[in-house]
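Naming follows writing order (A, B, C, D, E and F), and every chain is counted from residue 1.
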Amino acid sequence: MTQIIQMQPQDEFTGYYLLKECEVKQTNATPAKDYMDIVLCDASGQISAKYWDATQTDKETFFPMGLVKVRGLVQTYRDKLQVKIQRIRIATEEDGVNIADFVRSAPVQAVDLVYAIKQAAAGIGHADIKAIVDFCTAKVEDKLMHYPAAKTHHHAYYAGLAYHMARMLELGEFVCKQRPFLNADLIKAGIILHDIAKPEEMTAQLGIVSDYSVKGKLIGHIALASGWIVEAAIHLGIPLDSEPVLALQHVVLAHHNLGEWGSPVQPQMAEAVALHLIDSLDAKLQMVEDALDTTPESEPWTPMIRGLENKAIYRTNL
Amino acid sequence: MTQIIQMQPQDEFTGYYLLKECEVKQTNATPAKDYMDIVLCDASGQISAKYWDATQTDKETFFPMGLVKVRGLVQTYRDKLQVKIQRIRIATEEDGVNIADFVRSAPVQAVDLVYAIKQAAAGIGHADIKAIVDFCTAKVEDKLMHYPAAKTHHHAYYAGLAYHMARMLELGEFVCKQRPFLNADLIKAGIILHDIAKPEEMTAQLGIVSDYSVKGKLIGHIALASGWIVEAAIHLGIPLDSEPVLALQHVVLAHHNLGEWGSPVQPQMAEAVALHLIDSLDAKLQMVEDALDTTPESEPWTPMIRGLENKAIYRTNL
Amino acid sequence: MTQIIQMQPQDEFTGYYLLKECEVKQTNATPAKDYMDIVLCDASGQISAKYWDATQTDKETFFPMGLVKVRGLVQTYRDKLQVKIQRIRIATEEDGVNIADFVRSAPVQAVDLVYAIKQAAAGIGHADIKAIVDFCTAKVEDKLMHYPAAKTHHHAYYAGLAYHMARMLELGEFVCKQRPFLNADLIKAGIILHDIAKPEEMTAQLGIVSDYSVKGKLIGHIALASGWIVEAAIHLGIPLDSEPVLALQHVVLAHHNLGEWGSPVQPQMAEAVALHLIDSLDAKLQMVEDALDTTPESEPWTPMIRGLENKAIYRTNL
Amino acid sequence: MTQIIQMQPQDEFTGYYLLKECEVKQTNATPAKDYMDIVLCDASGQISAKYWDATQTDKETFFPMGLVKVRGLVQTYRDKLQVKIQRIRIATEEDGVNIADFVRSAPVQAVDLVYAIKQAAAGIGHADIKAIVDFCTAKVEDKLMHYPAAKTHHHAYYAGLAYHMARMLELGEFVCKQRPFLNADLIKAGIILHDIAKPEEMTAQLGIVSDYSVKGKLIGHIALASGWIVEAAIHLGIPLDSEPVLALQHVVLAHHNLGEWGSPVQPQMAEAVALHLIDSLDAKLQMVEDALDTTPESEPWTPMIRGLENKAIYRTNL
Amino acid sequence: MTQIIQMQPQDEFTGYYLLKECEVKQTNATPAKDYMDIVLCDASGQISAKYWDATQTDKETFFPMGLVKVRGLVQTYRDKLQVKIQRIRIATEEDGVNIADFVRSAPVQAVDLVYAIKQAAAGIGHADIKAIVDFCTAKVEDKLMHYPAAKTHHHAYYAGLAYHMARMLELGEFVCKQRPFLNADLIKAGIILHDIAKPEEMTAQLGIVSDYSVKGKLIGHIALASGWIVEAAIHLGIPLDSEPVLALQHVVLAHHNLGEWGSPVQPQMAEAVALHLIDSLDAKLQMVEDALDTTPESEPWTPMIRGLENKAIYRTNL
Amino acid sequence: MTQIIQMQPQDEFTGYYLLKECEVKQTNATPAKDYMDIVLCDASGQISAKYWDATQTDKETFFPMGLVKVRGLVQTYRDKLQVKIQRIRIATEEDGVNIADFVRSAPVQAVDLVYAIKQAAAGIGHADIKAIVDFCTAKVEDKLMHYPAAKTHHHAYYAGLAYHMARMLELGEFVCKQRPFLNADLIKAGIILHDIAKPEEMTAQLGIVSDYSVKGKLIGHIALASGWIVEAAIHLGIPLDSEPVLALQHVVLAHHNLGEWGSPVQPQMAEAVALHLIDSLDAKLQMVEDALDTTPESEPWTPMIRGLENKAIYRTNL
């Protein structure tokens, strides 16, 4: 079966794909004709597709986020590849295909990532900090298994959020070993909590964010998570004025570093500075790694990466 | 008794003043000699003073924020007026002076301002919004009677915070009448809540902020107030996901308008836009009014005002 | 008759509309075919339309800013609604339709707005200020009856400029009552004069700006109005150095507040600060109100508003 | 007679200097003692001076901007040279010294500079442009003989403004020869008019700016000059809407290039772009030349220059 | 033969043009049809063209940067002119057309420009500076005959780089004459070297830049040129620490003036300041001149110019 | 012996210290009296000191960067501690004190740091990269043993540069293990080379930077290091166009990430992105650690840290 990243102009192919987007549009012929404007994806990437000969039944059959079997022809349209769909049908149970195989995923199993996060939480020594972390994690328990970390910016795939947390925990552990003056409990807790409200900020399915929620737009994941810490403290009977509550709120509120990046306060504890830097290092190197992974080997340059000052990355031969 | 704003070079005077700051320093004579570096204030302004002949007893007697009787001589030092203290003693009960008369205050009695705020709160129609407002207001009940709205920026005097709220409520009422599509309950609640956590952000006495609290620096009054709304909702049994809770959190979080001014989200409800503009109009015109009030009539220009792009204001003769 | 804001995909309709834009283009069929690319509007909004079967006579018949009778079908094209015109003709006198009913207008009659502005001007106590205001107003007398306040930014409709001035005068009156230290004459004059040169800066018809004038681009409405004050003073024999002339020039020049927003000097008089804030409050709340008004009730979010940091506004259910 | 730029620590000297600033202050000895804090200058530079033993008569005798005869000792105070005045008296007619010899001046005689400017104006071919230039120049006729171009930024000395204009005219002539598509009349007029209102914006004596005028702060030299062009056109009967009036206003209004540098419109005519660049080149190279001239030869680096991104300039040995 | 700048809607024409871009695309008809999307250019400008009836042979025949003979029809598509190609063939030797006549060129012969640059280099008095200039110039000897100075920004045509250097040398000579304190050798060398590495930064043919090189993106012409100076010094046995090497590196590194414009250090020598200003003046006035030249005389406004704050330029009638 | 960080007001002490700065100044008594303005330091910090009774001999005896024995009294002057020197003499050999014990040093022995760096270099697999690294390192061989990494910003102490490199190498090793797609040779080389030219950019003794060199100001350490790579390649016969040379120049040039931070190109290779992030993480956490280390334990807040958005750091009790 042809993977999307390997499609070449003039290829004819038959295979299963995830119907990621799907909309009825009209040609500007006279009279206008309906067609379906589609985005197909698999674990290797995604591609735009046109289904010119959509019937009325077709229009009522296909909806986003379902698996389909497609026969198509790869063409070039305005410098980009595009599929002309020749045949398409909904995949059935008999086809034996599994939707999870058709979405980009973190390179580590979600279950292992969540396990690693739980282990880290379990290793927090300070009882109040641990309890608050557990309370907040419980609020998004199942979403943690599959949510991406962002819409497009970085770790934008199945279990991307858990992957981001797990890698940051590894890096955080190293940094705490290198610099023992840092409070390792706070670093761990900060890593687990800093993006914990993202699943409430965005609506996602199969690792794909379709939109921001009203709550996500009006409050944002930073103030949401800070509110969860307040909520946890109240439920756990931890005084709101106590140092752990202040410190956890601070590291979460400050993790974007600057006001223009969404943090209402700037890092003013060593652990808040460290959390911001660990987050930034992991997110940005992941952007680079993802961009290189999804750019065909033959291309020396990735597309421009918005989170890296709109720069493209050069693939060295060294 | 000579008011500070009226002091002229070479004046000799005797009077009561508030000892706002007071520190023992040493001259760079050889051998060095101790003296007291003092700031005196009254309701009309403040002035730097030197007490060159401080005895050991003096050094143990005088502390900030007490009333003193002073005989002094007004001199000019580096282009500014400065008092050379000739005699100084602690004011006693027999002197019959009242500390409240020696600090800058809002032009309206604190008790009337708080009454106006309570009336406004009482007039909120939506039960949940009203209950949340009452819960948060109760947290700072007594501080509302005397706290300033800022350290130096605007309304930096006794009951300045309540005065800011009361004036904004008047303006908000006018704007809601002019534009009925605005939700008047949200506007009122937003005005009362937007700076409600300032008394926790700063430490103040007699309308004078001495410092920011640890909580104030690490969390800030914006995220603090947002947390209080969460706390209120939990205590009152109002769902955290309900529209009033989201809306109140949003208007508070967004009231500084931009990230670089401390708001983690930007205004995305009509009432949030309105609240920001009403706040800005009241704060900035008050800066102008205060600057003109504390500049001697004979001066055509006020000092530079930091909150107004560092511009001085010209006093027109029109 | 179907209002444009109410059109739904697949609607067929017949009605009168204003032909706002109208251009002959060519399809990319082979051979290419001419068609007319049209924008229809009424008081509720505007919609793109295609007239695929335009004859040579059609091409010579239809021009922008005339009323037409249209039979059409509503379609969806690239996520937006679009009309496929089936029949179209010029509206005649017998149709009994009035062009003024087909453009967006201020919610108050232009004649009442202009009357309110004249009343305010008449109430200016200072003779020189009043005379200068009258001189400048006279230069745009008839344009004041119908000009918008901007191309798209805010108050972009019939009599929008007069509406902006009238609402600002109401707000200004309130602010002067709340803060008597402000010179009410200057505030009134500033409100009337601050955008008085906009009708020279832009070319508009029926409340729709088609372009900026050469003068508008090279000088701008701010320096133009400042020049009119000079002109007025010369004609009225008021010394150019006198305080009223300086003050009026200043409040007009400074009303955009910052250099990057087009003001060559920043506000340095109390009334200049107030004028900027009153202008800003009225313009921004109007943007919000207009965006909510022109967004179908069923949509919870307006489109992004450029003048509000590119934020969309959420329509609360409270 | 010792020139100020040549003074070295421990030098004793006697000579004539200009008393540029002069203020009575008090030592912080106990009791405090009056002394005079003085700035002396000559054509080579300026130096701070203290007159510790000032008598009551002295205090009533010395005022800024008069010539004095001084005997003094050069000392080092906080890394800077400073004169300890041993004797000082007002210079009398018999001393035969001329105040003009004690101020920094343009390196060309003012009379020659003004002549060059007049010649350039006389060479303007377009009658209306020439007439407007003459009208505006006439308003500051005598100030043109001695005004500096700025308070400290560049050309801050006697006849600095005329020198700036004359050098720009030379450069403008070269540029017009190199690029004949430019309108040489507009370039010449723009050069003469762009800073023509500076003498009204600032108060200066002997090439030294003491302050900005009220008019200078509230209107600024850019909008002032634009107003003068309006005034000229009215007096000369040239229509305000005519191309020369628009063009002249435009090049003046736009000559600071950006809004944040004070231009309400940006250059939109070739000549406006050229004027900005010629102005910038002349002003910035003059800052460099002046900084090198007033830095002792032995110093490899000048002080930091604010107008050049706060950089110091290295004096190359090449 | 119709020049591209003179083409009008509905014109039919036959002539020779340079095929600047040429790509096979597909219509969105069903079934899709191949066509060729082409850009034609001549010395007066360029125009988009469609060749709808391209055969398989055509697709294998036409490639960018060759001369073709075209019969076409001028149409309007989305407000822009576009050619519908009716016939097209490769130009042959018999046609007697010369490719150099079909590209935009500097208004002076390349050979004369290069001669002027060599003359200037020959006039450098300081032996080491001269030798370094010669070494670096030799590296791009032949490219200097035809390279543009930029992709689109300024001087984007045949021999544009040499033209930019030659004009800057004229201006530099004038400035050195006006200000003798400048080191004329450094100014000349700086002008010749500042953009000398541009031919390595970009790939260009016939004055048209097709792309930036890997080296151009990773190092940039500024650091490249600085490296060439190091290389020259090593080859010529000039100590790397010597003043000429430092000074030349500095003026090259600093010529973009600010870090955000690509200079790692800011100008800190008089000649570095001058070089930046001369470069800026020449580049910006050339942008204006080029924009006016390539805008039809009938248009009062040029398109927006990115290098001039996105402003369009008004063509005055004066 | 009293460590400087432990000095309290009124302490009398005798001990050895490093005379870091030492200048003769004059009191403003009449007549003025000479005194010595001194900065003393030891490994724990530094303190300002005054020696009021300096004799002529003293003035000719004491110079910066020598060890002295001091008897003094700790006083408070303008809110800061300051030593009044009662006796002072040059330390002699008999005193048995070692200057290296009196300067702040990296917490690891310089010899061990340099060994670690050499080991890392030795482990580079790619022969050309290794050779270039060795060549550049050899240029600053001995300075690497003691140079600080910056004047005040971070790692501003003895062997601070080597410490910064060694810690970054540890972190780089971890990151390369976590993300095997990164080229570990380039990361190692980038870490060793990125600040390798700092010893030429600054003049330092005992870990204290006294100034920037001319070369440091005019070229900067970034372009200097890029030039050294060119130099190395020429000497080693490695083609300047080869991938290792380009890649090394790129990672060095881009390591400050943004133009406004001094990088002429932005990171466009994965390793360049990684190097910037590793550098930033190490530098910023070190600033925090150093600030906490040099702030007395009793203080909850460090001074403001310029490299961290001017924020102070709170010392948590957790």
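General observations
The definition used in the following text is that a residue touches a chain if its C-beta (ideal position, glycine included) is under 8 Å from a C-beta of that chain, and two chains touch if they have at least 3 such contacts.
Worth saying up front: this structure is predicted, and the values here are computed from it rather than measured.
With steps allowed only between chains in touch, the distance from chain B over to chain E comes to 2. Contact count check for A-F and C-E (C-beta pairs in contact): higher for A-F.
For this pair, chain A with chain E, the centres built from the Cα atoms lie 43 Å apart. Between chain C and chain F the centroid-to-centroid distance comes to 60 Å (mean Cα coordinates, whole Å). A separation of 41 Å divides the Cα centre of chain D from that of chain E. Counting partners per residue, chain D has 29, 214, 217-218, 247, 258, 268-269, 314 as the residues that reach two or more other chains.
Contacts between chains, counted with the stated touch criterion, involve the pairs A-B, A-C, A-E, A-F, B-C, B-D, B-F, C-D, C-E, D-E, D-F, E-F.
The part of chain B that touches chain C in the complex is made up of residues 126, 129, 167, 170-171, 174-175, 178-179, 181-183, 185-186, 243-244, 247, 257-258, 266-271, 273-274, 277-278, 280-281, 284-285, 288-289, 292, 308-309, 311-314, 316-318.
Taken in their complex, chain B has these residues touching chain D: 27, 29, 33, 50, 52-53, 75-79, 84, 300, 314. Listing the residues of chain B that touch chain A in their complex gives 214-215, 217-220, 222-223, 226-227, 230-231, 234, 240-241, 246-247, 249-250, 253, 258-265, 268-269.
Contact residues on chain B toward chain F in their complex (touch as defined above): 23-26, 28-30, 32, 214, 217-218.
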